[in-house]
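First subunit A sits with subunit B, and in the next complex the same chain sits with subunit C.
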Partner chain A sequence: MSETTTTPPGAGPQPGEQLARTSGGTLRMAWAVVPYFVSVLLAFVAGGVVILLLGNDPFRAFESVLTTSFSTQFGLVETMHKWVAVVLCAYAFAIPLATGKFNIGAEGQLLMGATAGVAMGIVFSDLPMVVLLPVVLLAGVLAGAFWAGIAAFLLVRFQVNEILSTVLLNFVSFAFIDYVASHVWPDRGAGHPATIRVGEGALLPRLGDAPSVHAGVIVAVVVCVLVAIGMRRTATGFEMTAVGANLRASLVHGIRTSRLAGAGLVVGGALGGLAGAIEVAGVHGKMLEGMQSNFLILGIIVGLMARGNMVAVPFVAFGIAVLEVGASSMQRTAQVPVEVVLIIEALILIFVLLSDVVRDRLRGAS
Partner chain B sequence: MTGVQKRFGAVQALKSVDLEVAENEVHGLLGGNGAGKTTLMNVLYGLYRADQGEVEIDGVKVEIGAPRDAIDAGVGMVHQTFLQIDTYTVTENIVLGTENLGGLRLDLAEARARIVELSERFGLAVNPEAVVEDLPVGIRQRVEILKALYRGSKILILDEPTTNLTPQEVDDLFGSIRAMVDEGMSVILITHKIRETMSVCDRMTVMRNGEHIATVDRSATGPEELAAIMVGKDVAAEAEEGDSADGALVVAGLVGEEGLGDHHVVVDPTQQDGGLRATGLRVANDHGVTLFEDFSLTIAPGEVMGIAGVAGNGQVELAEAISGVRPLLGGTVNLGARELAGTRGAGRPTIDWLSAGVAYVPEDRHRDGILPTRSITENLLLGSQRSAAVKRRGLLDWKTARQNAVEAIATFSVQTSGPNALAGDLSGGNIQRVILARAFARKPRLLVLHNPTRGLDIGSTQFVYEQVRHAASTGCAVLLLSEDLDEVIALSDRIMALYSGRNTGEWLRGEGDRYEIGRCMTGLVKNS
Partner chain C sequence: MSTLTDFFALMIPAMVPFLLAAQGTVLSGRAGLFNVSQEGLMVLGASVGFLVSFKLESNALGLFAALAVGGIFGLIFAYTTTLLRLDQFVIGLALYFASLGLGSLLYRAVVGVTFEPPLIPTLESYPVPLLSEIPFLGEVLFDHDLVVYFAFLLSFAIYWFMYKTNAGMRFRSVGENPKSADSVGIRVITTRLWAGVVGASLMAMAGAYLPMVYTGTFTEGMVAGRGWLVIALAFLGGWRPQFVVAGAAFFAGMEVLALRAQVEGIGIPHQFVSMLPFVATLVVMVFAFRWARQPQFLGLNYDRESRLAG
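Moving on to the complex of A and B:
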């Protein structure tokens, strides 16, 4: 997109004529990417104003937000670990969204996946890794799929709104893991509801010298590739996209839409469950209350920012992971509360969504 | 009232258009799709804001920024789709949005009296107590006109008012229009049907490509001349050459009741191998009310079966039932040797109908036909994504799909930048071309077309007719459901009138005249 005239929102003579349809790929790409950069920039400017008003130095704050992930190996490891959970939760949201359904239950699915994973890891703690680790991850996937499957069943069979059911199932999962962590396999010494540790064989191997990332990163990368291929190159993926684009037309053209919407939820839930199992096997080594962190909301932010483009999801998720890791270091070095980063993330999302409107205005005076 | 003048610059939709409508005048606004007729009127009614231009009413310049201003200035508009609240009565719908309703307690008696008075004065018979959802389209249109009159309109804009009316209802409407202009009103009639323009308008303005082409007096012109102005020289000339039967057909369909070329082969209806045979159909509408009871339909291969009827008499339900989209409550459907619905319980899923060779071109192109945010390639693929032709090693082969799309775009003359263009950015005519391309790519054995040319310009209409002919000539059975009676008469080998889910008459090509068919469309059964 080097030589193309990438007019950012606000500038641009006769944008109506030169919109993506004429010169094809490059220009369309520019129309898709430029708004992101502008949005990020604007969000940081607005965030900087907030930091200034709080009486701190925005440049110092942003420096630590943006460099922490890359200045130390520890920062990079932390970022990659964050990325794994964020990207999986983003898919958990984005895949059902492709069929027009909103899965707001990624944290419930993550927790159920973690529960299943931890159960396998504890019950079969003596098994060797080659057997136990796949079992742990698979259990997480199945548990997440089952949890979302409840919502999917209610949706397909009784037309129960999936937003309600997935959100409410989150609360059920909170109570459920609380029970597991305090009654089934409690770690009395933890001072916080948590289970005892899983067996050694249930832990994801580390890649390279400490501090090193866990192999869940590879699993997540594989998932990214499979999802991209699945959505773009399989008939089912195409059908999901079609249903999301126009449900009626898809129905008329022979796609079994409600079944597909249910399937989307189940697949999304499976990935949420996988995120939970990886958190157990790679990060915590056990299950603890609050391990869902803010992955639900981050997943939604990433999923919305990617706007249905499954290839964009991992990259957007990486950006968000950088911000998230940088946030805590910003609090230490610049005394700016971590919440400012959430403000910036939300602003990026708002600006990205707003850019649609701006772009349409620019394109379509016609 | 001296006149209305509008001028625009910069915007392509309307290139500096002038329009003057006199008092006591029915003014026809003619032009193909995309000519800018509706846009111009939406400006007058305040739905769009003009970039430039002025409106003068009764010699006074008025600023129209919103429909409210237009209504205050005495402009009323009846849109193609009615803005009514289904569960309210006629009176409530008419009063809705007017200001002096007297606080908390609605006193509708006075309003009702005025409505009755207005409806008697202009011959717009309607029961003010009827609930709107129970009324047929023709009556709902009267309600919409009464709404405008109730608000004191002096200038009434009617956007394609006759689309859904029977010939008799059209006559009634034109009578009412005359009564209005006799009382000093002005009526602007947006249309692309030349015949009806000739019968009711005093003057007509022809628009093309957002430009004012000509304004002519009825006495000073004829249908052929109007058609020529409307379509521009090229198409008309082509039609006049005579060897292009399709061009002649389109002009005939638009212009009047001339006969058609006799190039149609009359198919022997007893020879049913490969055709559609549907018997004892039971179909319900969206509200679960059974609309078709023991309805039968047979179409031979190569035969075009036309269903004439006023909208809402079961066309949507029939089209969807025959296309496998709407579940059947009973009956059997066979396409050739294949049973698609029958004795073994409910019908097969839609996908099986598709693979058996049923292609459906739905009435609502945007809602049922396309994926607006996806590319033309993807739209063309829709429905055949599971066929082996577009797969390589089990995965979708976008390269092949894109090549197919490029070919389809060329064959069907879709005006677009290429296969990656978004379907939602196409014009109505081009969307229809994409839908047809998709339907024909499957080499259909049964083609179900519902209002296939509604809203299309003459060029696209002609194209659709050619394609229907072509499909029939290759042995495809065609079911054409259209509210445009001229179209049904022009294309069909057999015609069936449909009223409230019942077959009220059947004609072979060339048998029935417009008024006889029209009578059966209103529910009278054909005397045989």
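Moving on to the complex of A and C:
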């Protein structure tokens, strides 16, 4: 009964279907892009009011939010590093979302990927890079896939709600990495639960002169291309989109919907795990508590803002990465707490969602 | 005082955050609203509750402030989902992020980074006259702060409202089949708005209780996944207030056990003990999802003009 009445949760209006109704290329682009700009603008205005209420200068704060990434090479490198983790976590959320499933466990998958990567990097620290680095990344992918696989198994076999299982697994992983970082390979001198460093061969090479980005950026770009092709040009990708768009129709046409949903979760988890391994191999060189930062939230925001459009994900993720890097600089220069940026991001998301309603009303009126 | 008495006497207050937030979730859910911003609302409630108690030196005002702030978020949630018909889960997530950010921001803005965190007095206990004299039961049940009694009375009140009153039956029908409810003149939108507001208020109040009973301070990590466990609890309890009480006892018992095991040291690393509530929840869910029922229209928006609805 309920399946027939509404679109599946979160799948939302597909961009293609929205666009098909209007005619003309520029008008179509305008309907798609203008709401984003208006949403971002409104969110910044609201954020500016908050900053003003806190007694700071909003223009100075926003200047440092928006320019840090581009004014120095260091800022750009930091932005690219953030982008890698954000884009992978966004896919970890967006790919299961294509099938109508919510993966709220990118955080846990990232941490398990990091744990597996760091384990390989420490145990086989003597191996040369050609062998060790692929092993580290692969271990991360497998660990992430395994961690999401638990949720996928519970979903397919026992119909356990995937939202809850992925979230609960996050908390299990927090305790798990705490254990690894304080009992298995602890770095006693760190003053914070952290493992010892991985071997030299496990570190991603740098591209160009210092400060330079790590090669994980290339990995992430490759992943972006693969995901875009996979979702648009392969039968599996099409089936996944079909399941998300209309569960009943897919069932009727003989698509194994629940398995596909499980598979979506596992692929998403694998990318989350990859993000963890890259964080270890490219940024930290070790695993430390709190390394998941707020990538879960950022990934979800990006995934929701991209509206199921896998090609848009990297670009939205870049915008979010700029905001995040700018946020920490804003805290240093303008003494505005970083949380303001989280609120702005949440507001952008809410306004983008609201723009649907506004757009529909405008069209209805005209 | 025996260990058993101790255990139960600790478990009862530990149940309160679960009870308040889960009853709020159930209340929203039975009207068809699936709000997932518990975790964020609890952080926000904890922050607001703490700050108001700290500045105005009254825990009661802190609790009320948390209720009010939660209500505002609940109204945003209910308005965007019932009247604008945006996806409930997505709006819930967005509000989770916003409330998480706002909670931390408020604390940062008012208190700032201090060497020694500010303290508020924890709630005093009010032993119930006569009843608290009963051996064992008296100590376990009737020697707590007022919020504890409130949480249990509230659970009973919600149960009574939902199952023993006419209004409650109409209320539940909104979550089961809004089209039918609408056709017999029940105001679906109004009901959902109220359910959203009251539900979110209770979630925020659950958060405010945390600094008032445990540490007397606010930290960003103090909610520690309780908000998500609460959603699991609502599912496990089949969205029925009476089963939620039993479920809350289970979660609180786990929490107290884990804390005990950490303090006393039982040979296994404490990290594995702190995994326990989450792993146990997963295991229970495997069994519970087979029989636990949920409101038919949970998480789905009602569109009066849609031909497909109902």
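Heads up, the rule we're going with is that the second predicted complex is superposed on the first by the 340 of 366 C-alpha atoms of A that agree within 3 Å, B and C clash if a C-alpha of one lies under 4 Å from a C-alpha of the other, contacts with A are read in each partner's own complex, and residues count from 1 in each chain.
By definition in this document, a residue touches a chain if its C-beta (ideal position, glycine included) is under 8 Å from a C-beta of that chain, and two chains touch if they have at least 3 such contacts.
Remember, it's a predicted structure, so these values are computed and weren't measured experimentally.
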**OP:** Would you sort A:L133 into first (subunit B), second (subunit C), both or neither based on which partner it touches?
**Re:** neither
**OP:** Mind working out whether A:N161 is in touch with subunit B, subunit C, both or neither, as first, second, both or neither?
**Re:** second
**OP:** Identify which of subunit B and subunit C touches the larger number of residues of subunit A.
**Re:** C
Original post:
A:I229 contacts which: subunit B (first), subunit C (second), both, neither?
Top reply: first
Original post:
Of the two partner chains, subunit B (first) and subunit C (second), which one does A:V316 touch, if any: first, second, both, or neither?
Top reply: neither
Subject >> Touching partner for A:C89 - first (subunit B), second (subunit C), both, neither >> reply: neither
Original post:
Which partner does A:R248 reach: the first (subunit B), the second (subunit C), both, or neither?
Top reply: first
**OP:** Quick one: classify A:A98 as touching subunit B (first), subunit C (second), both or neither.
**Re:** neither
**OP:** Show which residues of subunit B lie in contact with subunit A when the two form their complex.
**Re:** 11-13, 320, 323-325, 349-351, 353-354, 360, 362, 367-374, 378, 381-383, 385-386, 391, 394-396, 398, 416-418, 420-422, 425
Original post:
Inside the complex, what are the residues of subunit A that reach subunit C?
Top reply: 1-2, 4-6, 9-10, 12, 50, 54, 102, 154, 158-161, 163-165, 167-172, 175-176, 178-179, 182-183, 297, 300-301, 304, 337, 339-340, 342-343, 345-347, 349-350, 353-354, 356-357
Subject >> Residues on subunit A engaged by subunit B in the complex (per definition of touch) >> reply: 21-22, 24-25, 28, 229, 232-235, 238-239, 241-242, 245-246, 248-256, 365-366
**OP:** Sort out for me which residues of subunit C touch subunit A in the complex.
**Re:** 36, 80, 84-91, 93-95, 97-98, 100-102, 104-105, 108-109, 224-225, 228-229, 231-232, 235, 269, 271-272, 274-275, 278-279, 281-282, 285-286, 289-290, 296-297, 299-301, 306, 308-310
